[in-house]
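Paired with subunit B in one complex and with subunit C in the other, subunit A is shared by the two complexes that follow.
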Partner chain A sequence: MTPTALRTAGRTAGRLGRAGAVLLLVTVTALSLPHLMPGSPALAALGPTATPEQVTAYEAKLGLDENVFAATWRWLGDALHGDLGHSLSTGVAVTTELADRIPVTLELFVAAQVVALGLALPVALRSAWRPGGAVDRIATAGAFVWLAVPGFVLGLLLIWITAVQLRILPATGWTPFTEDPLENLRHLVLPALTLGLTEAAVFTRTLRSQLIDTLDQTYISAARSRGMGTARLLLRRTLRPSSLPLVTLIGIGVGTSLGGSVLVESLFAVPGVGMLVSGAINGRDFPVVQGVVVVSAVAVVAATFAVDVLYRTIDPRIADERR
Partner chain B sequence: MSAAETVPVPAAVPREAAAGRRRPSTGVLIAGGWLAIVALAALVLPLLPGFDPLHGDFGNPAAAPGPGHWLGTDAGGRDVFQRTVAGARASFAVAGLTITVGMLGGGTLGIAAGWFRGPVDKVIGFAADLLMSVPTLILVMIVVSLRGPSLPVIGILIGLFTVPAFTRVVRAVVLSLSEQGFVQAARMIGTAPLRILVREVVPHVAPIALTFAFTATTVAIVAEGSLSFLGFGLRPPEPSWGGIIAEGRTTLGSAPWISLAPAAVLCLTVLALNYLGDKLRSKGGRG
Partner chain C sequence: MKRHTLVLASTVCTAALALTASACSASDDTVSGGGTAASAAKDDGPAVDGGTLRIGLDRPFTKLDPADSTLTSMPLMILANALYDPLMVNGDNGAVQPYLAKSFTPNADATAWTLELREGVTFSDGKPLDAQAVIDHVNRLAKPEAKCACAVDAAGIGGMTVNSPTSVGFTLKSPNAAFPGLFTRSLGYVSEAPAGADNPAVGSGPYTLESVQPGVSATLTRNPSYWGAKGHADKLVYKVLPDADSRYQSLRSGDADLVWAETPSQLKQAPADGLRVATGPGSTSTVVFNTKVAPFDDPRVRKALQYAVDRSAIEKVVYLDQGKVSDGPIGSTSPYRAQGTADYPAHDPAKARALLAEAGHSDLSFEYLVDSRPEGQQRATALQQMFAEAGVKMTIKPLDPANLGTAMFQRKFQVMDFVTSMFGDTDTALASLYMPDAPYNFTGWNNAKAGQAIAAGRSTVDPAQRARSYQEAAQEVVTDAPMLFLTENQVGFLASARTGGLPDVSKRTVVNVSPALLWVKK
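Now for the complex of A and B:
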């Protein structure tokens, strides 16, 4: 192996180790959650009439009868065999619950990205082309004001306008895509707009400033003086190197959007992972909560890796010495 | 986090130049004025007789805004304006705790990471990574559901999650400060490291802390609102902004002001805080 390849391999191994450590600690934290509860979780769940046998069985189910590290070890072992335990309230396997809910949240996430990018790309390109121009000033001020509107207020406003005043879209509920694609899309619009419009403001801001920096580069002036057309110049030469921070933002969004999806799914009654976890938290359904926390940490770690790989694909100039 | 992640520290502005500064712009005056009005209302109005955000005027439920009830009444006949004012108290109390926790935690960790570097920096960076890879809102919901939705629990939890971001900014500033001439000079003449830290480094971190306070306040207001909305915030009937807005969503069709009036106040406050924070940042402090 060449020295560079060796260094790359070493660095990748280091990152993997770090990611593994993060996941391990998240698992330990998730499994120690029942211990945070004052008093006995078993008695709280089963009521004061529970027999000692019932309490012991309950504690064994949650791994409360052993220390957190032993419980983590066992949980991870089971997880590797595809077993994340069973819901305390429904008895359904946590993996089944997740398999039902993840596609819905994923659909919402993708739709939100489409909304955000669909708005941010043209607006940022137009703004950066003439910084300080009318479009730029309106867009910048608009994004600034927009960012002051929290997700739950935006969702409420959207419901008020489209469902209460105009009566053109359903305010709440969900139809699976496989059942009725058109109904599915109608139910998707408001939650996707709520998540996507806020993101659009962040995307626009970041992309705009990065585009302005790129347009200042000498190779852009060179291309322009050679007579390259505006569209080609912007789309082929400017957008690609400028999209790196955007990729980071989308990567970070994988983590934050799970929090956002809790809010949006509860607001619009969408049966995704967010609704699953808020119900589980309310019902003290620890196995489900633990499953969601660990799976979402895996998603965050995986997204971070994906961003790293994408960086190199988008901009080969980035050598491994970046960090 | 890496050593390359430093930011240049602008040279200190000479005092004379700062003294001859321009008057604050109209935008700053409007934003500051709005915040002053909200803060003053939250502090003073509850002292007046007749102020009772929990009192229900049952003969007058869901009344439209008008004289008597400036922002109307909610489904229980309670005055929406008074509830919004009382809600400001709750939101700012949460923000106060958030700022305290974030500043103490992030300030200490950031200075430690930037000053000692090496293993200390690595450990702190790892802890920040860890905190950032769990879904914040979900973790706060879990702890609130287990420990009860009290104001201290909510404020401290939200504060905890602002720590990584503030740590990162402070660390970057401290890292570049320690390369600066005046710190090197202090080291050269044999000043004790602790004295350099207190006398030379900490004063430069203070302006960033101020911008952080603005950001943390908006984070706290929005996070508390989101939690209330999900039913994990301060318990009704005690009003908080998020709580009032959430309560009004069932009557959005017939009495939209119950939700939308406090929502407008919340958005304007966040906007004013963002604006002032932004102005402050561009004047030198980052955060």
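Now for the complex of A and C:
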């Protein structure tokens, strides 16, 4: 093995170790939730009419009859065999619940990114090309206004316009893609717009700043002086090195979308992970909450890895600097 | 509108606007009025059979089993009533009436009851719903593994016997003249045990389950072997639409035909938006004191806060004049009210200050736990201002429903907001909330006189005597003030103009509608 390969292997092992430590910490924290609750979580969930037998059975299900480290060890062992426990309210396996909900949330996430990037890329490129111009001024003002509008207000506004007034889209609900692709798309539009439009404002502001910095670089000036066309200059020479923060934002979004789209999913009644975890929290369904937390943590770690790899692909200088 | 009410209105609206886009937006020229109930089925023309009725639920259901008390909570009864038939129901003014049962009669001292069933009723799988099925159902829900909140009610049953295939005998451990009322919820929704964890229980209702995604949606089709009148709609599609605003807009957009609603601004605005309203006085807003902790263990402090509250202002500002002022645990439509009402103190901030000074708490301050939803915040803001007029500093602490429930069940609070449907059934409310050892005695209040009066009321089958006993207990509740009563609120259904058969529920303290009665106009 060459010294470079050894260094790469060492760095990968180090990253994996750190990721493992993060996941372990998140798992212990998630499994500590019932232990950390003031009073009896069993009584809180079952109510004052619970019999002692019900309380005892519930506490055993939560692993409250053993210490948190023993519970973590047992949970990890089960998790490695694909068993994340069962929902206390429905009795359904948490893995089954997640398998039903994750595709919905991921579909929503991808659609929102398409909306956000579809808007942010052209607007940011035009703004950065002529900073202070009409498009830039309008985009800047629009982005600030957009960022100030809470997601649920935007969502309700979109429902009012498209579903109530124009009646061209459904206000709420969901149709699985496998059942009816067209209906799936119609139900996807409003939640994706609600998430995507807010993200578009963030993306536009971030990308515009990076593009302006890149456009100040001497190699861009040299390319301009050689007569390179605007489109080629922007898309091939400027956009790529400017897109690193954007990749980071999207990477973070993968993880947070699993638990973070609670508001939008509840507003539009989209049966994704957000709606699942919202109901689980209200119903004190700890196994489901724990499953979502741990799976989200895994997604964040995986996304971070992916972003790291993409960084090197987008800008090979990063890899060179570390050699 | 009085000046302080106007000031209060602006304060509450300001607080509400921070929380919801639709709060305080209802126009004042729309229909008002308590009990703006269904313009009603009589205007709907002939019933139409066929089609799909789409119903928006406000909360997720988990198991389609009466053992899960969520399924028989008021907003989900429209789902429970499709799959199951209750033995008893709350009719107008909360009166308990037979539904699937033919009769439910006591012996002389209400320690033994006889339930007579209809003949020829079957579950949707064809098995008979007979006396043994009722006993099996009660026994199943009474077991700890069923996790039914009704287990505490079932625990009062000493024994059950099959008198005949259509007659069940109940022997109680102590007299209970309100025993049939226990069969209006989980215990009364007779079911066969589910065949496995993933399957629903089997009922005898007008519809059967076609498909379900727990917490998300359920599709039901007509039960071909239903014993009673067939449901009008071929299919019922239930969707959980947890956000109140988007649920309302779903109705307006035509995505739903019927939704559950409690938001005052929506109930007021609905007729102007071309929607139909079927509501009843199904909820009461109260303030709960933890009487086990100082200074709320001192009745003078509780009484002072009682004087500080202007209930009319809350009714106008928070509930937009659609409900009524509440004056005690016996609701305004309760059959026990005929004997007279409790003497509820009028708003008097000066008396409040004087009482606080007498109790040595002139600088009283406390934390108020409240639901984080908009109406809760509005109530809390209004109360905060009223208490401030009496020199009391109240800090509002919003909590999600789960944490609020935990604080209440474990009595880890000083004062908290409590909106409940329990007062729709006076018998159950008094026994559950104010008996010293009652499971829902959140206040920790222990009043021997009230306890004796409630027990006396429950042990007599003479309605007049029971009313007198309950009135005596209610007066103790108002006088000793373990709870403050604010308003009786309208709750119920909003429906699109194409929905027919919506019944008049304006006198229903438990808004309980069967979806089999409803149809979709073509």
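Here is the rule we go by: the second predicted complex is superposed on the first by the 291 of 323 C-alpha atoms of A that agree within 3 Å, B and C clash if a C-alpha of one lies under 4 Å from a C-alpha of the other, contacts with A are read in each partner's own complex, and residues count from 1 in each chain.
The definition used in the following text is that a contact is a pair of C-beta atoms (placed from the backbone, for glycine too) under 8 Å apart; a residue touches a chain by one contact, two chains touch by 3 or more.
Everything quoted here is computed from the prediction, not taken from an experiment.
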item: Contacts of A:Val300 with subunit B and subunit C, given as first, second, both or neither; value: first
item: Which superposed partner A:Gln54 touches (first subunit B, second subunit C, both, neither); value: second
item: First, second, both or neither for A:Gly132, with subunit B first and subunit C second; value: neither
item: Partner chain(s) touched by A:Gly82 [first = subunit B, second = subunit C, both, neither]; value: neither
item: Subunit B versus subunit C as contact partner of A:Val292, first or second or both or neither; value: first
item: Which superposed partner A:Pro316 touches (first subunit B, second subunit C, both, neither); value: neither
item: First (subunit B), second (subunit C), both or neither touched by A:Gly227; value: neither
item: First (subunit B), second (subunit C), both or neither touched by A:Val277; value: first
item: Touched partner set for A:Leu267, first subunit B, second subunit C, both or neither; value: both
item: Intersection of the subunit A residues that touch subunit B with those that touch subunit C; value: 37-38, 152-153, 156, 159-160, 164, 266-267, 278, 281-282, 284
item: Footprint of subunit A on subunit C - complex, ascending; value: 21-22, 56, 60, 62-63, 68, 144-145, 147, 149, 151-152, 197-198, 213-217, 239-243, 245-247, 249-250, 252-256, 400-402, 405-406, 409-410, 412, 439-440
item: Partner subunit C, residues of subunit A touching it in the complex; value: 37-40, 43-44, 46-51, 53-54, 57, 87, 89-92, 100, 152-153, 155-156, 159-160, 163-164, 167, 170-174, 266-269, 271, 275-276, 278-279, 281-284
item: Interfacial residue positions of subunit B with respect to subunit A in the complex; value: 2, 4, 126, 129-130, 132-139, 141-143, 145-147, 218, 222, 225-226, 229-232, 242, 245-246, 249, 252-253, 256, 259-260, 263, 266-268, 270-271, 274-275, 278
item: Residues of subunit A touching subunit B in the complex; value: 18, 21-22, 25-26, 29, 33, 36-38, 144-145, 147-153, 156-157, 159-160, 164, 255-256, 258-260, 262-263, 266-267, 277-278, 281-282, 284, 289, 292-293, 296-297, 300-301, 304, 323
